[in-house]
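One chain, chain A, appears in both complexes that follow, with chain B as partner in the first and chain C in the second.
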Partner chain A sequence: MESAKGFKKFFNEKMVTLLVLLVIVVAAFTVLSKNGSYLHPANIRNIFSLMVVTSLLTLAVGCLMISGNIDLSTGANGTLCGILFALLLQGGVAWPVALIATLLIGMAIGAFNATLVNIVGFQPFIATMAVASVAKGLTYVANNAVAVPVKDPVITWIGTERFFNNLLPVTLIIAIVAFVFYTVLMGATEFGRSVYLIGGNREAARLSGIHPVKISYILFINSGMLSALAGILLAARLKSGTVTGVVNMQFSGMTAAMLGGVSFGGGSGGFGGVFIGMLIINGFNNGLTVLGVSSYWQTVASGVLLLFALTVDYLNMKRRGKRVSKRG
Partner chain B sequence: MERCLEFKGIEKAFPGVRALQDINFRVKGGRVLALLGENGAGKSTLLKIMSGDLRADAGTITLNGREMNFSSPNDAIRAGISVIYQERQLVPAMSVAENIFPGIPPRGALGLVAGKQLKRQAQELIDKFGLSIDPAAPVGTLSVAYQQMVEIMKAYRRDSDVIAFDEPTAPLTDAEIAILFDLIRRLKEAGKIILYVSHRLSEIFQVTDEIVVLKDGRLVAEMKTSETGEQELIRAMVGRDIGDTYAGLNRNDKIGEVLLEVSHLETDVLRDVSFTLRRGEIVGFAGLVGAGRTEVARAIFGADPVSSGEIKIEGKPVRFKTPKDAIDAGVALCPEDRKEQGLVLFRSVRDNVTMPILAKVKRGLFLDNHAEDEITIDAVKRYAIKTPTVDKIVMELSGGNQQKVILGRWTSSKMTTKILILDEPTKGIDVGTKAEVYQMVCDFAGQGIGVIFISSELTEVVNISDTIVVMHGGRVTGQMTRQEATEEKVLALAMLD
Partner chain C sequence: MKKIISLLLVVLMAAGLLACGGGGQNGNIETSGTETQTPDASASETAAAPPDGGADTPAVSADAPQNVGYIDDPVDHFARDTYQIAYLSPAFMFLQQSWFAAMQAFEERLNFKVTSFTGENNSDTYLTNIELIASQGYDGIIMDCEQPVAVRAYEIIEETGVPYIAFVQSLLDENGKTVCPQVVLDQYDTGKKTIDWLIANYKSYWGEIDASTLGLIDCTVTTSPDLALRAVAPEEIFKATFPEGHYFMADMAAAGGVTADAAYTQVMATVSAHPEIEHWWVTGSTEFFGSGSARVFDDLGKVDDALVCVVGAGANIVDWDSMTPDTKSSLVACLAISDLLYAAPAVSGVIALIDGRATKETLWRDKTPADWQFGTDYGVWLVENDIITRDTYKTYFEEINAKYLLSGGHTD
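Let's look at the complex of A and B:
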């Protein structure tokens, strides 16, 4: 049982490190912001209502990364879906129909990614980046780069309603439900285990009767669906489908997942850590806005944070890699 | 000056295991020392400490009177110590030459020249070993045996004082083993110090001068090879007599109707392969490296595409598209290469054992961790897998114990296997457990399972199998019963063109 304890200890250590990082981020922005406005209820409300977008994109790319894959098109896919959703509503389509149709479009883009990666055999990095570029272009073409208003009362209610003293947005509930769902799915089911096994050793998993291609399709389609949902919910919150939408947010998702312990190499990382990673990224992005940092510098800062997460992951992999190769 | 390597009071502990305790011994130049012991006895750990890969908790190693204090494997190499590890360390995408001479990247205009020179030097080395390997070929395209030979050449060209081999022959067949032994003798004549780890006792008597036996991390016996015998060695290693492995087997004599019928099977590698397997029968596959035995297994299992021919199970033609279909139809394949095709190294022993039976260990929608634990504990007991808990990450097990995890996976109680294919199942497994594995194979046959037993150890195939199929160059060159078979006959057929 000693090693079980050791494992728990390691897990806790990692969690503690993440929580400390979260506290540092919050403390730093509180001190730096004028009169501590970072922790002002109005801003906390803001943080909470933005969380759903980061959460969904983190979950989307997190599952794929565990399987040893990557999707860089989530931001562009979500943005395209956000504007298409707004256009459908504007065109008089009933909201449930528009919602389902848009989710299907997101999923179709995911399936296309999966085909490029699994059937054609392109590198996931390049393939999904190219798809992102196509989606981004289509976003501009869709309505000549003009924002499309969203007026449907049900949708705007979902996007903006808050319970409990204005603190608990409907979207936050969606984010939390999604996190719980994926945590259980990945941690306690046959499907989740298969994803980890494929990420750990694809050929061994295949020879043990697991279908790597099938699971890769499911994960890419899932990623497309979550991206579309993120775009829809942002449009609902802003009451408008815009060409900037959730664009470039795929990097926030990746950073959150990696901070949370999901490795680029695949096969490792749990969603408990990823949740905190997501809180850190979300708090970080909002903090920069509160401080009035220009969006150009925000991009720089996000890049630096991603580099930081990559470095941590690289050092971990190097340590592990060394141990793998010398095992005997 | 005569070379001398000495270990003094070496200690090493891992969480839950004392891997080495108070190890003291010395070896002189021009001697080959065998390091023996059961799986998990601490052999590889000792070599890793010597090569600077691990740090001892206590104790010192001295080479030629100087204390060695390495902080990295590079220090050890510079000090004249080379270790050929049990698990290969090559970069599959790089060429043979680049792997033999790492750290000399042939790039740019000058690099082109350097690249040619590298290739020539590699070719010289390959010729010296008498092998037919293309120095420009990516290592990943070579057979496991040739990869091992590349590993050996890589260490050889460093011209170290101390060369340690950790189970070098596990993936090799007799042809390459002969080359290797020849090389060891040459190194010995040059006055080098050689450490040799192997579970094949016959090899110990062929190439070594002295023997050190480890048991549970302690040094339990030291002797001269010429003054001991196989039974005494086994007693020192296992702590008891195990008798004659093969004569003591409780075999199955009820061989039933035809279970598997392969006719005129062809793939990229295979040419017109036909054979049958009956219920309760053990069919052994013998042959040299590259003979196509693994390919037969993979083709039946749906792991590789079949171009023509017929496979029938219980009279019904089958052509599995994926391993999943094969498993569902009752075919299990325990693969040859545990690192590439077998294990998920960063997952626990439990996760590795239950891989093919996940659908059967569910309660409702969720995996039943309790049931998984039970199945794994059963496998750990049957194969005497040395691990403190089933949660231990497989990577932290010793090489032989990793192999036992794969065996445990493919023979777990939840598998409903009709046809069990074992590809080099005893690779890296110690003598005591080997006998148990043989008995288990016979027991499976006794339950009416048809077993295909692929092995490069001739003695093993010839003695375990009811029928022996010999292959060469992708074809079946002969078939005989155990009663008819001798090692000489099998070998002759294995070399037949």
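Let's look at the complex of A and C:
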């Protein structure tokens, strides 16, 4: 009886739902693709490669969402930083200096967001959207909307080198390290617990001695830094700082966070689930591409996938809620 | 209720997956053809095939190798397996759909199957798709690549070994030189033709006018080097021809991009701000700017005071088709580039490369202009184009369709 309950509880877990969904996606596309070409090693690398830049934006916005905040400027911030980084390199600045300077610019934009939200009192949604517009305009101004080539050998090595028979890109290692770091930070440290507490009940967190404004500043600055890093990594991968940059990846990042269980309301979710969520989204989109499905239908299918995951998640939460109230 | 919704979503997803498995809109690599190329054949194997072919080398008629890579290439395309060709574009909007449909129109005649891939306006996705295409065993790629990622795209596609040509946009190296055969427009020349046409024809609409009452709005997209080139000649020629005239550049880069609405907003603002200008010309890098601009003069009741002539025809033809003979419009002409004229050399060229009957160094070398601005190391197929008007556009497209689709088809 106990083991049956444990089994049921296990399957009610969000992570298991995601893993089952991932297995279904992989199995379906493996069967549907010709000779199982979906699982071709080069294609698996493609799935992971596309996660690199998006994953940094997901971590950026995910931390803020857990705290009950949102940052809509990650894409524009990352794009601006990507082109500034390329310009600094083009201007002869040594790559470590350019890297640090660009990260500082990204962090400054994050701090500005935090000030607008915490000091001026703007809604995060409005404040970060306005900052995104400013950053987008500055991106065009920076080099008259013209892309800037990246030729620094170290940076291009980071962006394009692959290990293990061409299967493991350096950029993917960076993304995985970032994921592990933030999973530990949010799941096993006092700082992480504070973020969850603020997201769950800001006032209660404040009364228990946590400083929500300070944490908010840290998270916005962190978001700015990760956005800048995403822009830098994309510039390294493309060998070019472009005006489109990471803008179009911002909402993929938010979608992955939500699919992985991070709630818009704050206080819940973890990056293990987010990682699986990203795998599902990328694996699903890649599978549709492998099958030659029109990009329009891919968009529809991705939306249905997200709706499906959200519905399952909602039903699970509802069931758990009922169980708790019965016990009460 | 929620369980029902959940169930519905599951069914939708399952149906979607099954539909995908059924081939999707663009088809699967597993085609219905009886001589389908084995998908296992790796791209590098394809590329490594000797130039003289092998077992699958198509039979070539006695007068070969003339016209290799041309639509009237005398090779028997049915002496080999059906080639799987990928068309890779940065996005898949109106223009890309039109080009893709034009490529598909040649599938039965040239014995290939084309599938579209898009970067969805995401450079990272675009580059990853090159590797995806190679990993899925496609035989060749027709590649529409934006300049900012061209250098990296070139490196990646060279690594894959899949034969390819550049399409619509030149693929340039770090020094701005072409790196492969390409089917492109002479961008500067297209803009020149539109302003030349306006200069040659405006008197038939307005008679003699005072040049100081004339304004030119030159619609461009500075973020796209190719599209920006189309706006250069109108500026140069207008300023030289009408020094007293008023020149305005309308940049859509930060105003909504390549859309008719962006053009409407920008042109409306310019025209409204200059009531002293009595006559307006509009040139533009894309057809959408023609549609958007014409709407401005309709709305302002200035149809008779404006002449619009832009590069590109598709959207303008839709406008013209919707007009009755009595409808007045400032959209008087445009530079037409039939999609078939783009698609025919693209598919013929990449097939010649896959066959091994041409290499990227030899394909279309006779077509390359001696003074081509991006270098002459590789073949450059400049797509033919013509100015068409509301009176001539139907005849123009009928003639192109007859030439490319109704003659010389495979009759087996």
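Following the convention adopted for this analysis, the second predicted complex is superposed on the first by the 248 of 328 C-alpha atoms of A that agree within 3 Å, B and C clash if a C-alpha of one lies under 4 Å from a C-alpha of the other, contacts with A are read in each partner's own complex, and residues count from 1 in each chain.
Just so we're on the same page, a residue touches a chain if its C-beta (ideal position, glycine included) is under 8 Å from a C-beta of that chain, and two chains touch if they have at least 3 such contacts.
From a predicted model like this one, the values you see are computed outputs, not experimental measurements.
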Touched partner set for A:197, first chain B, second chain C, both or neither: first
Per-residue contact with chain A, leading partner among chain C and chain B: C
Chain B versus chain C as contact partner of A:49, first or second or both or neither: second
Partner chain in contact with A:268 - chain B first, chain C second, else both or neither: first
Touching partner for A:37 - first (chain B), second (chain C), both, neither: second
Partner chain(s) touched by A:188 [first = chain B, second = chain C, both, neither]: first
Which superposed partner A:293 touches (first chain B, second chain C, both, neither): second
Contacting residues of chain B [partner chain A, same complex]: 15-16, 44, 47-48, 53, 73, 85-87, 89, 166-167, 301, 303, 322-324, 327-328, 333, 335, 340-347, 351, 355-356, 358-359, 362, 365-367, 388-389, 391-392, 395-396, 398-399, 402, 409
Chain A to chain C touching residues, read off their complex: 28-29, 31-35, 37, 40, 42-43, 45-46, 49-50, 52-53, 136-137, 140, 144-147, 149, 151, 160, 234, 237-240, 242-244, 248-249, 286-297, 300-301, 304-305, 307-308, 311-312, 314-315, 318
Of all residues in chain C, those that touch chain A in their complex: 2-3, 5-6, 9-10, 12-13, 16-17, 19-21, 23-30, 39-40, 92, 115-118, 120-125, 127-129, 131-132, 134-137, 147-149, 151-152, 155, 174, 222-223, 225, 253-254
Touch list for chain A against partner chain B, complex: 1-4, 6-7, 188-190, 193-194, 196-197, 200-201, 203-211, 267-268, 320, 323-328
